[in-house]
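Sharing a structure below in structure tokens format, with a few things to ask.
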Amino acid sequence: MPIADSVTLGQGVVIHHRDLVNLYGCTIGDDTKVGAFVEIQKGSVIGARCKVSSHTFVCEGVTIEDEVFIGHGVMFINDRHPRATADGQLQTESDWQVVPTRVCRGASIGSGAAILCGVTVGAGALVGAGAVVTKDVAPGATVAGVPARVLARAGGASSE
Amino acid sequence: MPIADSVTLGQGVVIHHRDLVNLYGCTIGDDTKVGAFVEIQKGSVIGARCKVSSHTFVCEGVTIEDEVFIGHGVMFINDRHPRATADGQLQTESDWQVVPTRVCRGASIGSGAAILCGVTVGAGALVGAGAVVTKDVAPGATVAGVPARVLARAGGASSE
Amino acid sequence: MPIADSVTLGQGVVIHHRDLVNLYGCTIGDDTKVGAFVEIQKGSVIGARCKVSSHTFVCEGVTIEDEVFIGHGVMFINDRHPRATADGQLQTESDWQVVPTRVCRGASIGSGAAILCGVTVGAGALVGAGAVVTKDVAPGATVAGVPARVLARAGGASSE
């Protein structure tokens, strides 16, 4: 059941390989495209006219607004201090707090990037491939590196 | 045959999507959870009460002790100088030496991290998302970056 | 249809898990091995006696010569400024220009690396795990880091 009944799909959503994705409990907006080998967890929301490319993981607590590009192999995160167990037992949902992340309208996340939890990627921002985003990205800014730093601000002026 | 007959599964192992994993010749301990799009190769050992999250690759030579958290899209490595061919022919197992890696009890590996071969990640250590671990991580330490550097030692003291 | 009819496979190509890959419109040379959870897009060309490891994404515009090792979770890129939409509509192929990338004979790309578009990785070069390659890599050189920098040149001399 790679697309669970709990998924809410908008009109015109394109998922070419329904047997090669793992979607459950999420909401996906109109005309959005989802690639192969993508997992989208419950409690995440993806807007309209987005592209979610192959090999990407979107976790609970992530909100992606409309017209956002998510590259290949992008990893979202919702736990600052992940552990397998608590008091020697496997953690359950009651053992951690989901820290939310938002990617605003028209932003692009490059392939292989990791987005730590609790951040907002501003509208129209561009996150470079392989970046690790540890804090908010201003609207229209371009960031890259580990940790991600600003390469250019909205309007094109370089910061360095 | 996404879970080969050669796999040894403990009691209570949870693999929600048995048709979306590729497991062969490995040993997985009691109550461990394995996500979608995970490949675990022969000759690797995973302990009890671990979480191995989606999109992760565990190769031959890797030993993961009990209660370890492995994030999404984590890549283990067992060859220092990978090449496709030797003397113009595809390499076979006799052409390389598997270099072992160990992740000790209770450690956590963040999403998108790569763990070079020959290292030991100490008990309770935390490897940040997107880190590239090139040398041993002390028990209880927190490391991050490319290459990974110590952010905090056991007990919480910062190194910088 | 995880291996589309549009794929041209050479003699002896090995794909152990044909239901866990997504290949379309590409050409793959003799005796090359392709791992699980690999996507290879139309318009890409992979040579003979290569290894393309699990979780890797090869996009349109990428040419991989013979005897190349591609690690696990490697992400190729073909668009410098990816966006989901143009003028409020999902982008189509006419909205962007594919920027080509070439990996030359005998090179090795480490696991988790991202290769930006428009670069050439020279013959026999070695790209370290987790590197982000932003410019050409000289034949025989070893590079690593984000962005990738030269660790050693052909012949073994260190640059730093």
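Miscellaneous remarks
To keep things simple, chains are lettered A, B and C as they appear, and every chain counts its residues starting from 1.
Here is the rule we use: a residue touches a chain if its C-beta (ideal position, glycine included) is under 8 Å from a C-beta of that chain, and two chains touch if they have at least 3 such contacts.
It should be emphasised that the depicted structure is a prediction, and the values quoted were computed from it without experimental measurement.
One copy, subunit A, sits rotated relative to the other, subunit B; on C-alpha atoms the angle is 120 degrees to the nearest 5. At the interface between subunit A and subunit C, two copies of one sequence, fewer than half of the residue numbers in use appear on both sides, so the contact is built from largely different positions.
If you average the Cα atoms of subunit A and of subunit C, the two centres end up 23 Å apart.
Counting partner chains per residue, subunit A has residues 19-20, 37, 55, 73, 112, 130, 146 touching two or more of them. Residues 2, 19-20, 22, 37, 39, 55, 57, 59, 73, 75, 77, 81-85, 88-91, 112, 114, 116, 130, 132, 146-147 of subunit B touch subunit C in their complex.
By the touch criterion stated above, subunit B contacts subunit A in their complex at residues 17, 19-20, 31, 33, 35-37, 49-51, 53-55, 67-69, 71-73, 106, 108, 110-112, 126, 128-131, 144-146.
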